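Heads up, the next two complexes both have chain A, just with different partners, chain B and then chain C.
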Partner chain A sequence: MLVKLLSGDSPRSPLLALILLAILIALAFAPFLFPGIRSVDTAARICIFIVLVASYDLLLGYTGIVSFAHTMFFGMGAYGVALASVHMGRGFDALAVGTLAGAALAAVFAFLIALFSLRVRAIFFAMITLAVASAVAVLVSQLSQITGGEDGLTFLIPRELTPAFRFGDELFGVRLNGKLLNYYLVFLASLALFLLLLRIVNSPFGRVLQAIRENDFRAESIGYRVVAYRTTATCISAAVAAFAGALYAVWIRYVGPDAVLSFDIMLDILLMVVIGGMGTMYGAVIGAVLLLIAQNYLQELMGLGAGAFEGVPILPELLSADRWLLWLGILFVLSVYFFPTGIVGRLRQGR
Partner chain B sequence: MAHAEQREAPPAGDEVAHRPTMTRAGLTDRLAPWMPFLLVPVLAVLGWLAIPSTSSWLTLTVSGLAMGMMIFIMASGLTLVFGLMDVINFGHGAFVSVGAFVGVSMLLVLANMTEAPSLMLNLLAMLAAVIAAMVATGALGWAFERVIVKPVYGAHLKQILVTMGGLIVIEQLIVVLWGPEEIYILRPEALQGAVTFAGAALEKYRLVAVGIGLALFIAMRLVLRRTKIGLIVRAGVENGPMVEAMGYRLRRVFIGVFIAGSALAGLGGVMWGLYQELITAHMGQEIMILIFIVVIIGGLGSVEGCFIGALLVGLMQNYVAFLEPKAALVSNIALMVAILMWRPQGMIPVVKAK
Partner chain C sequence: MTHPILETRDLTVRFGGHVAVDAVSCTFRTGELCAIVGPNGAGKTTYFNLISGQIPASAGRVVLNGQDITRAGVSRRCDLGIGRAFQLTNLFPNLTVLENVRLVIQSKRRMGFALFSTAASHVELTNRAEEILDSVRMMPLSGYKVSELSHGNQRKLEVALLIALDPLVYMFDEPTAGMSVDEAPVVLDLIARLKAQTDRTILLVEHKMDVIRSLADRIVVLHNGALAADGAPAEVMASDVVQEAYMGKELDIA
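The block that comes next holds the complex of A and B.
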């Protein structure tokens, strides 16, 4: 049963299994284990990013294509929900319509981009996605009548998902309100999407993708239509990213270019995939958990470090919390060189 | 056409019998190789038809050409590096930023020279800034090649990831060294203002930029077509292993090209910074978008294609920004899509011997 649920892709390392189990339990009971607005918020973000990173891994790790438009797809889902909620009024139907419309738009965009670039050479894809993603981000912040411009959109989600909705008193000291329901909506949807991705990569389709990653010429010679497979993978990945974006929008009840379309999110995704381990879905879990926790709590530590070196010439500058990205970049380059299989790869090796 | 002349030559003795008849290629076939070159005037004419007043069209055309020349300067290194070693450098934009910051700092140091109303002093200050920027980015390019690019030869996926990481690190280092604020810079005194020609105001600086770009393109073409090193580079682009088999160390040539390309990106950065009169650490990342579009539509590895692509992008950007400001970047994407539909490998595809 469990093996079937994981699509036969077991962690294959006792330590990895233990870590994944711990993460699953922690996320499943996060509101009870770590009460507090901030920690529950972190847990929800982790859920969403696991899906987002896993969908990116389908592209980067399994198919061997680099895309820089993943935040664009993420943003399409988020803006879909926001625009539907603004124009259709609050309600679950608006959420559903927005999510599906966002995912469909993302898939269509992915299809068109893939058609134009993958047909010729896979390397075009990275450049074209970068260009299209930045054009879309600029457009979104310019078309302020539709998208709210730089300010973004704040919208109402169904009352059942807001803290104002109560359906009981307290359970283990946690208020039973709509926020809790919202968290579990995010958690369960993320879990389902993750298992779906796991299913996809372990299907015959996923095997072909891996073959293409290893040697596209040979895969073509054996008789698989490489372009069709790559395009399909791109579309699936885009649609799942849009679903993650929709969940994110429901959770933070706001969309804006900085929150859902910025290039920083793209870098985070890249880093999570690489550190967790390219080419394994579990890498996405580990990478997202590590990075987000580090981002939320380590930045403060860096601030402390900067304070400690007050007076030394450049050190405080280098350690200030704003230079977070610098260290991420260095970490990123180093892990691509010395750690290409990521944490999951290492754990499986050391078995 | 050679065979056409042959036909007119008087028959000599018994060789009359052998006279192969070749039909002249049709007009479209003969025009095909020149089509990309014709696109630039075509776009300019289209712009003239779309823009109501001729004087604003002239202003826009000059600024479009200036922008295109600057993009060409920045993009040429990237396309050659790809052609030569199959290395795609996503960190190229970092050189643009670094060049701009070094050059502008130099100009700020030499403020008394740039503010003086003498053309000579101004040009000297500019020259100093450009040299400083090119030396800095050239050295940085060398280090970048050594540290970041060398370990990942032959692996496109890793190249993209690693050079992207390098871009982030360099950008952040710029912020550490120069601070997070954007820097405003005035152009040297003699390059401010505009000249009026046929009722259109043409900024002096843009004319200078067009001049520098054109000179660089011609120089680059001469080096590539007329010198030994240019021959090796072109041969390397077409068939690297063969050039190596003939005893040339292609790796050294490649490092040279990488350094030269980085230095050109630095030069482009200074020019771009003075064009915008504003520099930020992530300017390189923004220009990278245009550079990529140019390199793709030109055909990866082709300098001529890169030049035409840059002019097209520059003109398109300026015309559309005048007609419908919000569509400027999107129009360039549309241009890229249109050209890829026409020629999927780019306008002037580089034929690789494989």
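The block that comes next holds the complex of A and C.
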């Protein structure tokens, strides 16, 4: 049963299995294990980024395509939900329509970009995605009548998903309100999407993608139309990224260029996929958890450290909370140096 | 039994001013093993590339089984029955031996776009791949990554992939290149068995004259991109043009 859910792709390392199980349990019971607005918010972001990074891994790790437009697809899903909710009024129908429209738009964009660039050489794809993503980001911030411009859009989601909705008293000291339902919507949808991606990479189609990554020339000569496979993978990846974007919009109830389209998100995705391990899917889980926790808690941890070393020369300055990016950078360099195949790759080698 | 299966008509390719393959017209029949010989740079591999579609022809036609495939892409030609093995080993290095063969069978059965079933659930593909590996005695290696194999075994796998594809026309480009004296006969034996067991057409680029003598039904000689001789082995090997072009012997001017 479990093996079937994982599509036969087991973690293949006891330690990795243990870590993944711990992450699954932590995320499944996050509102109860880590009560508090901020920690639940971090947990929801982790769920969403796992899907986003996994969908990127389908492209980069499995097909060997570099794309810089993943944030754009993410943003399309988010804006889809926001615009539908603004124009159709709050409701689950608006969420569904917005999500599907966003995913469809993302797939169409991916299809067009792929058609124009993948026929030639994969490197052009990277450049074109960069250009299109920048153009779309500028467009979104300029078309303020439609998109709210730089300010973005705040919108209402169904009442059942907001803290105002109560459906019981407390359970283990946690308020049973719409925010809790919202978290579980995010968690379950993310889990389903992740399992779907895991299935796709382990399907006959996924094997073709790996063959293309290994040797596209030979894949073509044993009868696979490489362009068609690359294009399909790009569309799937874009649509799933849009789903992740829709979940994100529902969770934060706001969209704006900085929140869902900024290039920083693209960099985060790249870091997560590389640190976690490309071409493994599970790498997305490890990468997203590690980086988001670092981003959210490293600053505080360092603040504590700085306090502890007060009076010692240099150390407090080095550990000052403002230097957190420096440490994140050092962590990244070290992890790439010591785990060139990512953390998952390293754990699997260590068998 | 011996109807024409593959035909090239005035097949030509130019790279800038250089004519690499010059108006080669040739008809290959079912069940025939045809060796294509010629000195280095004669255009043998380029001729192969034109037939299997890796490079587009500047002029002329390629006709497979009555159908003009001059403009078809590589994967389309593969679908229609052209199977190509490469001179430099050209496999999927980080996938297992079994997976390499399985991918070929999966392609042949057109299951590449199956998205929502696991590859492992298609037992019939795995079984067929294991049969093929067994027939080339590579079953013990099935779990290894290709990059972990010896050069000789990689060449053998290259042949196995083509056997898995079972095309109408098998194209082997120097299948024993870079193999040791001990290893080469294994691959040649596979090709000899293939010839005995099927009525497929086999095109073979090869340098070793003894190999050609024992395997080929027919020899086509390319020289400077053009067709220099075509006929039964004994007759072609004795001809002046081969003595000069291929054996490097000066022609006696009488």
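Operating definition for what follows: the second predicted complex is superposed on the first by the 312 of 351 C-alpha atoms of A that agree within 3 Å, B and C clash if a C-alpha of one lies under 4 Å from a C-alpha of the other, contacts with A are read in each partner's own complex, and residues count from 1 in each chain.
Here is the rule we go by: a contact is a pair of C-beta atoms (placed from the backbone, for glycine too) under 8 Å apart; a residue touches a chain by one contact, two chains touch by 3 or more.
Remember, predicted model here, so these are calculated numbers, not experimental data.
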Touched partner set for A:176, first chain B, second chain C, both or neither: neither
Partner chain in contact with A:229 - chain B first, chain C second, else both or neither: second
First (chain B), second (chain C), both or neither touched by A:221: second
Touching partner for A:28 - first (chain B), second (chain C), both, neither: neither
Partner chain in contact with A:294 - chain B first, chain C second, else both or neither: neither
First (chain B), second (chain C), both or neither touched by A:191: neither
Superposed model, chain A: greater residue contact from chain B or chain C: B
Partner chain in contact with A:202 - chain B first, chain C second, else both or neither: second
Doubly contacted residues of chain A, that is, touched by chain B and again by chain C: none
For the chain A and chain B complex, residues of the former touching the latter: 60, 64, 66, 116-117, 119-120, 122-124, 126-128, 130-132, 134-135, 138-139, 142-143, 263, 267, 270, 274, 314, 317-318, 322-323, 325-326, 328-330, 332-333, 336-337, 340
For the chain C and chain A complex, residues of the former touching the latter: 52, 54, 73-76, 78-79, 84, 86, 90-95, 99, 102-104, 106-108, 111-122, 125, 161, 165
Partner chain A, residues of chain B touching it in the complex: 88, 90, 148, 151-152, 156-158, 160-162, 164-166, 168-169, 172-173, 175-176, 180, 285-286, 288-289, 292-293, 295-296, 300, 326, 329-330, 332-333, 336-337, 340-341, 344-345
Complex contact set, residues of chain A against chain C: 7-8, 199-200, 202-208, 210-211, 214-215, 217-226, 229, 232, 236
